[in-house]
Structures are given as C-alpha cells and as structure tokens.
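Next come two complexes built around chain A: one with chain B, the other with chain C.
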Partner chain A sequence: MVTEAVTTMDPAGLKAIGAGLAVGLTGIASALAEKDIGSAAIGAMAENESLFGKGLILTVIPETIVIFGLVVALLIR
Partner chain B sequence: MQLLQKFKRGNSKKSHSKGHANYAYTTARVRAMKSKLLPKETYPRLMNMSIDEITRFIEESEYKEDVDELARQYEGVDLIEHALNRNLAETFTKLLNISDGDVNFLIGEKLKKYDIWNIKTILRGKYCNASTEEILDAIVAAGRLSYTCLSDLAAKATYEEVISELANTEYYPILKNYDGANLSEIENKLDKMYYTGLFAAVGGSKSKDRKLFEEFTRMGIDIKNLVTLFRLKKSGITDSESMDLMIEGGLKCKLKETERLMPLSFADFVSELENNPYWDVISDVVKPDMSSLIDIETRLKQHRLKSAASFSHVYPISIVPIMDYMLSKQNEISNLRIIIRGKAANLEDDVIKEQLVI
Partner chain C sequence: MLDVKQMSRAVIVGHKSIFEETVDALHKANLFQIEDFNEDGSGLHIGRPFEKIDEVSKKLIKIRSIASLLGVKDVESKRKDAESSVLSNLDATLDKLDAELDVKTEQKSKLEAELKELDSLKKELLPFANISLDLDLYRGYEHLAVFAGNVKEDVGDAVSKITSAYEMFYDAKEGTVVLFVSKDKATEVADVLAGSGYRELRIPAASGVPSESLKGVISKESGLQEQIESIDAEIESLKDKYADFILASNEILSMEAQKSEAPLRVATSDSTFMIDGWVPAEDFSELERIVKEATNGRAFVSKQEMTKADEKIVPIEYNNSKIASPFQEIMDLYARPVYKELDPTFLIFISFPLFYGMILGDIGYALILLAMALGIKKMISSEAIKPLMNILIYCQISTLIFGVLYGEFLGFSLASLHTEHETISGLIPGFETINLFASPVGDEMITFPIHRTHLVMTMIIATALIGFIHINIGYLLGFINENKKHGMSAAIFEKGSWFVIEIGLLIAVLGYVAVLPSIATIAGVVVFLIGFVMLLKGEGIKGPIELPSLLSNSLSYTRIIAVGLSSIYIASTVNLIAFEMIWEPGTPVGVATIGAIIVFLFGHSLNTVLSIIAPGLHSLRLQYVEFFGKFYEGGGRKYDPFGYIRKYTEE
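Our next item is the complex of A and B:
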C-alpha cells in the first residue's frame, strides 16, 4: 500500500513572506528615490545653507513609500 | 526615467561614460549657483551708477573674494576686469571639481574652449613679443590646464618651446604645423578641433538629454557662423576661401547654404536672409544700410540664452542646465565688463545699453 505524504504550507508562513516582501521592496524603492533627492539637497545646501529645511523635507518625502509598505505588512499580519 | 537613460548610455558602444555620474548633486548645486547670478533688473541700476559706485557694488557682491585677492596688484577698472576673469576661472574650475564621472567629462570637454583660448593667447603673445606679464593678464585659466601650467608656458622664450612643452597634449598634432607665420590657420584648426571633440563626446549616445546637449551645441555653431558671415559681408569679403572660417555641424543652417550666400554683396545677402531659420530673431534689426552689427549680435546671443534656459527645463537632471549656467555666467561677466569699460571710456549710456545682452 502506497501512502502519499501531503505537505501543505502554513498560511501564517505565507503571510510572513508577504509582509516581508511588502516592507523589503518598498524599502528598496524608498532608498532609490531618496538617493538622488538627498544628493541634490546636499548640493543645494552647499551653496545656500538656508535650504536645509526644504532639503530635509524633500529628502524624506519618499519615506512614505516604505511607510505604506509597513502599513500593508501590519494589515497582512 | 533616469535609470532607463543610464541603461541606454551604458549600452551605447561609443559612450564615453566615465563611471558614476552625480547628476542630481551637480545640477542642484549649479541651480543654487545660478540663483546667485545678478538679476536682469540690476543692469539698468548699474547704468545709473558712477564707476566708483559700480566698483563698490561689485566688491560687495559675489566677486568680493576675487577683488580682495587682486587688490594689491591692480586698481580701478583693471582690478574689476581681472576680478571678473578670476571669478569666471574659479567658477568653472569649481564645476569641474564638484562633478564626477560622466558630468565631469562633458564639462571638461566644454571647457576645452578655454584651454584652446589660452594656448592661442600664449602663441599670439609670443608672435608679437609680448612680455610674460602681458600674456598672463589675458589668460583665463578656466579649463583643465591650470594657471601654474599656463604661466610656465607663458614664461617660455619662444613659441617652439611652448609647443614642445605641449607635446603630450591632444593639441600637439595641430600645433606642430605652426611655423611662426600661419597663426590664423592654426587657430581655426584648433577651434574646429574643439567642436569635433565636443561632438565625439556627445555623439553615439541615444539618451535624449545628450541629444538636447548636441542640439544646444549645434545651435551655438549656427549663431557663430551667422555672426561670422555678417561680419564678412559687412567688410565686403566675397572670397569663397573664407569658407574655412565656417564651422561644420550647424543645427539649422547647412554649410551648403552658407556657401551659396558667400559670394553675395551685403544688400543681396540681407534680402536672401528671409529664408534663414533665424530670420524671426533678427528681422526687425536687419537693414540693407545698417552701419553696425551690434544689434544683430546681441539679438542672436539673447536668442541663444533664451533657448538654453528653455532647454534646461526639458531635462532638469542632465548636462543641459549646467551648460545653461555656464552660458549665463559668461554673459553676466561680459555684461559687467561692457558696463565698466564703457563707463571708463565715457561712452554714452545708449551705446552701452545696445551692447548689453540681457
């Protein structure tokens, strides 16, 4: 008699992978977006120090992407 | 978009990419530098000032450091002129220092104009036996050749020594043909070499910002050729040998068309110009009996500045805004020079205003 072993994946594991991807990929996306904005902000600040505030705000705007990722990850859990 | 363009650049066989390029950093910094240029409302104000007031205004502006530095050697109008030249050299050298990789390479290619200018100045100086100080006064070390290197060259006794000192540079194949008499021929060849080098640097790339840069350069050639043509016609030269003075590679004016216009007299030339692509720019100042070409040259320069500014908005993170800044900076310095020299020579305000490119 042949018995077949059935393996199923725990749904909790799939959820964890999904949550991980949501945070990880959005993190990479934020990093790519912030790279250029950050270096541009530094460039502008080197010439005019009063641009520090604006530069800082513009640099962290793509941070929203990873925050959405984090929210999605929390919803999945 | 940027990633896509980088990919395209990377795939291009003739690409002269020199590693990582910090476009975002350089363009943002250059834009901040551009915001420090004098606004156009300043020029009418300067026109109403006396020389002393203008000098004080310049001393208190971005040129302060340069004026302080040179105040021991020069005075009056000469001091301002040297301070302006020094500032130009410092600014362009700064552009080379803050840029990296590809941007640095393109800026360097563009600044070869100044290297060629300086080599020409030194050779001209040697040709008319000028002293080392006189040659150094006319040098603007804004290119890759440093001031120290150029002053070493200027200190050489003869032109042969100057040329042998430049043996390891790319200019040598042209310079070695200099025999002490054919200076204008060598100068033309050097200028043409500059444009060939610029096209080689830009050509082959499929990215749109490079194409725009190429268009920008080609438009510069068109305007240069048109101004040369106007000057030739005005002085009554119809010799077809003057075609040597024209630079190949214009955007809208082809060399064949220029060749056709060459044998015409000034009046015929002006009537033929209606088909010229730049007719709209100059139409209201061109007259068959005009005595001076200043209006035309000013209009064409203005047109170039305007198009450079509009080009720079199309691709904000590319080489084009940097070129736009370089052009605006050169223009600011030339305007300040015109005002201060004009005032010193007691020219009338209207005459000075005509020369300004605002």
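Our next item is the complex of A and C:
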C-alpha cells in the first residue's frame, strides 16, 4: 500500500510570517521615507540651527508607517 | 498659567545730558528690551556711541586675545570680585600681564626657531650618519670632484671601470654614497651615477664626523625642548594666576562696551534722545521708578498703546511656574508662542512625562535613569543641561508610577500570572496577579499589575482613546486661540466644526450598532454633514482633506503600546539569553555565570540608552505633530532685555 505523506502548515507559522512581513516591510518603507527627509533636515539645520525642532518633526512623520505595521503585527499574533 | 507675560511698549525721552545715566540705569535693571531704531526720514538720527567706546574696545580686544592665547575657559567662578576693585587696577594689571606674556612668547618663538633650524640640520645629517668621514674633508679641493648623494645600488664596480683613482664610501642601508674622483673623469662618473638613480644630497654645514655631530644636535634639541616646556609651564602658571582677573575684566569691559554702543540703537535729535522698547507690564512702574531715580526725574517714561503691527513683534517671555519651566526648552525647540496665543508649556509638563511613562513603564529603568539624571545634574552645573535633566527626572517619576502599575522590573514581571495556557512566574514570590474585570474588547482580563503583553488589544484601544482625548484638548485650545485672534465666528467654523463632526459620527455609530434607536443613525449623519459644511466654510478645501487625520492621528497614539512592547521584548529577550540559555539560576555557578552576567549588563545598558531615545522621541512627536498641529502656530521673538547677567563680578 502506498502511503501519502500529508504535510500541513501550522497556522501559527503563517501568522508569524505575516507579522514579520508587516513589521519588516513597513520598516523598510519608513526608512526610505525618512532617509530623504533626514538628509534634507540636516542640510537645513547646517544653514540654520534653530530648525532642529521642525526638522525632527518632519523626520519622524513617516515613523507612523512602521508603528502601524507593528500594531498590525501585534493584532495578527 | 497658559498665557505668556503681558508686555508694555514704553518710550523713554530725555535731554542728551542725562543719556549716559539713563542707559546705565536701564542696563543695571535688565528689564527693558530696546527696539532698534531705523532712520526713517523723520528728522531723528541714530545716536553716536559714548566717547569711552574707543578705549573700552581697545582693552577688550587685548584681554580677549590674551584669553584665547592662554586658553582661559568660561567656567563657573568660585568667587566674585567687586567691580570697583577690578576696575581700579585693571589698566596696571593688564599692562603687566601683557608685558610678561610678550616676554614669554618672544622667548618661546626664538627657541622654536632654533629648534626648527636644528631639525633641518638633523635631516641633512641623517643620511651621512654611517659614513665616518670628517665633514671638513668634503670640500675645498682643486683637482677632485666630490659626489655625495643617494643611489639605488652599489656603484663601486662601474666606477672602477672608468678610473682606478677614486675613493668611495658607501652606506648600503641608507643608500648614501660619497665619491671622490679626479675632475677630468667627473663627467663620465656622473653619467654612471645617473644610471643608478643618483640624487644629490646637500652636504651639511657642520664639521666633524657626522655621527658625532648628530649626537650633538640631538642633545641640543632635547635641551631646547626642555626650555620650551618650562616656558609653557610658566605661561600656564600665568594663566592660573590671572584667569580670574581675565574673566572678571572681560565681563566688566563687555558690559561697558554694551552700554557705550547702546546709542546706536536709539533715536536722537540734536539735544534729546528717545529710547523705544518693551518691558513686562508688571515691571513698568519699576522701570519708571528706576529711570526717575537715576535722572532726578528729568527723563520721562511713557506707556504706548499697542497696535496690531506691534503684536507681531512683541518679545515673548514665558510666564510659567518654576516646576513647569524646564519644558520651555521643549517649546523653544519647536517655536516660541506668539503674543496672542496660549502657551502650552503647562500641558506639555503633564502630557510629555505621562506618555513617556506609559511607553517605558519599568521600575528598573526608571531607577537607573533617575540616578543617572540626578548624578549628571549634580556634577555638571551647566545652565543648558539642567532643564533637560529636570525633564528626564519628571519622566522617570512618571515611568516609576507606571512601572508599579505594570509590575515590571528590567523586563521581568514582578507578579506571577496564570493563564489558560501557561504560568509565568514573577520576580517576587507569592505576588499573584489579581483579576479585576473583563475588558470589553479582545476577550482579555484587566488585572493588577497590568500585563501589557497579555492585554494588547485592550491597550491598543485604550491608547487610541487617550489620543482622541488629547487631540480634542488640542482642538479646544485651537478654539480659544482662534477666538482670541480672529473672533468667535472664525473659532466656531474652524475648530468648533470638528466637535460637531465628532458628535455626528458618534451618534451615527451608536445608532448603527443599535445602542441608540435606528433613527439616530440618520440624525448622526445630518449632524456630521452640518459639521462638514461648517469646516468647509472655516478652513476651505483644506478642511475636508484633513478629515481622515481624525482617525490616523488617534491611531498614531497606539505607538504608546507598540513602542512600549518592543522595549519589553528587548529586555525580556536579554533576560532569556542570559538566565535561561547561557546559565540558569540554580545550576552550578561557573564560567557560564560570568557570561550570563556580562550579557545581562550589556543588553540592559543598551536598552537603557534606547529607553531615553525611543519613548522620548515618540512622546515628543505626539506633542509636536498630533497635538500642536491642532492649535499651535509659534514664531514669537525671545524677550532679551538690555542688560547683563554677571558671572564673575559684583557691584
């Protein structure tokens, strides 16, 4: 008799992959957005140091993307 | 509490004969910010500096150049000299110091020049060091040509083919060759040498055997070095002796210069002066009294009506209690408020540490950072560092409170928790988690202490709700600001419309989920539409575009739990690696124990640094982006009164 090996995937594994993708991809997205803003903000600060506060705010605006990713990952768990 | 200091515009007028007395009094009072005068064709002119300015600035340049030469640093002085005693012997001491320093620097530069000469001689001597031939023998021949230089290989064989009448010294290590041949063979020999990469060296201008001269040069050099060092030490002792004098006289002269230059900012006519500027409203009578007293009532101080144009240029002075004042730094980092605007420093004083504590919430880190902040504050008495450390201390107090609430210590849970699937043992034996009540969301149980890792859904909803409240406080402040600046109707349309929209949405949703009768859904939509139209009228097309931000801004506050959880996971991973993977408590103590402790210390010091940056930045961002965006404009000018805060002298 031939027995067929049945492989099933543990749903927990898929969940973990999903959570990983949520954090990882949003992290990359935030990084891409922040790198441009960050370098521009530093450039502006070199001209006028009092722009530090505004530069900081503009730089961390895309951070929300990865925070949402993190929240989604927590919800998937 | 939420207002900046009230300011008054004041004008001081008097005869030029009392100009100096008036400026002196204003400078001493340190209350009045002079508004620079621009010539505008009204017949008034910018004043001329007081006569003593030439002398003062000459001395000031001298003292500053001495200070930079000696490297006198701006430090906290232990003692304060009386101004009169510094002034009385300023000229004499300054001349004496200048003369002493001149002698020293001259000596030093002379020695340094000698040292340089010796150094170049040394460089010339070095290639000849291994050739023990007296340097006098290198020159003064009639029939001999002397070649001294570098070659790449031994040229003895090649030269011997041309002539046998030669004498050669060769140092294979340095590649130096010294060759004596008769003059008639010189050109041929030169060709041979050129083939071996010959480069001529200058024959050192010394006598005796090179190695001996080299020794002499080196010993002379070290002697000179010692002399220079002793002069440096003398200069250093001059610095120690005169540092206080330099700092004190620099301060006094700077003040004098500031006063002497004041007329350049003031309107004058042939015989009168008119100083225009700002004074805090509460200090106006004080200013009046000071000026009257200094001039025997001959100068007049009058309060001016503040015009609309004035409101844009009023200098801004914060008006906060001492406890909340460190947070003015956070405000300045963004922008100072403008005159007719609420100063949110006090609200930041509450919400910034609150969010910071909610994110970090760990007793261990709170204690470490608290000790660190207190230590730094005690050690460094810099005015720039102090407010930052105070902010850190406030944040750690909040972190400590939330740490107790969350029951966390360096990533360990203090209380033990029993869930359906697992039992997590706590750090304190016998401390059991108490179930309080079931959370309305996510099938979770609210407990004490709150286990954030097991209450993710509840915490996400809770933080978003906190965000919603925070944003609405922002809209409320925006309403007040708008009312102050542009009147009630603008406030209602621009900021009030948001409340109408929120109420509409709330009624509609409650109707939809059948908490309220279904007619409420329609009513809610109607209210929402009213709000929408109001917003459109108030903000234009920009309003509806910002509508989704109501949701995204609230969700942004979920970072409070998200960043907090990431911090817990880092800490507990460090604990897991140290005390389960490397060494488990209870097993024999050995090398692994040391490894575990190293990992534990390293991991947690890393996370401590992250514990300042991550919660700090995120908490700051919630203030700046989500909160300030709703009401704050900023861009005010700093109140910087005419005067000087003495550090090294007293009257």
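Odds and ends about this structure:
As a working rule, the second predicted complex is superposed on the first by the 77 of 77 C-alpha atoms of A that agree within 3 Å, B and C clash if a C-alpha of one lies under 4 Å from a C-alpha of the other, contacts with A are read in each partner's own complex, and residues count from 1 in each chain.
Quick note on the criterion: contacts are C-beta pairs under 8 Å (C-beta built on N, C-alpha and C of every residue); 3 or more make two chains touch, one makes a residue touch a chain.
These numbers were taken from a predicted model, which means no experiment stands behind them.
Room for both chain B and chain C is found when the two structures are superposed via chain A, with no clash between them.
By the touch criterion defined above, A:Asp36 lies against chain B but remains apart from chain C after alignment on the C-alpha atoms of chain A. Of the two partner chains placed by the overlay, neither chain B nor chain C lies in contact with A:Ile76.
Of the two partner chains, neither chain B nor chain C is touched by A:Ala16.
Legend: residue contacts after superposition of the two complexes on their common chain; A:Glu47 is shown touching chain B, with no touch to chain C. Angle at chain A (Cα centre) between the Cα centres of chain B and chain C in the superposed arrangement: 60°, in steps of 10. Taking every C-alpha of chain B against every C-alpha of chain C after the fit on chain A, the minimum distance is 8 Å. For chain A in complex with chain B, the residues that touch the partner chain are 35-37, 39-44, 46-48, 51.
By the touch criterion given at the top, residues 52-54, 56-57, 60-61, 63-64, 67-68, 70-71, 74-75, 77 of chain A touch chain C in their complex. Across the complex, chain A is touched by residues 2, 22-29, 31-33, 35-36, 98, 317 of chain B. Taken together, the chain C residues at the contact with chain A in this complex read 332-335, 456-457, 460, 552, 555-556, 558-559, 561-563, 565-566, 617-618, 620-621, 624-625.
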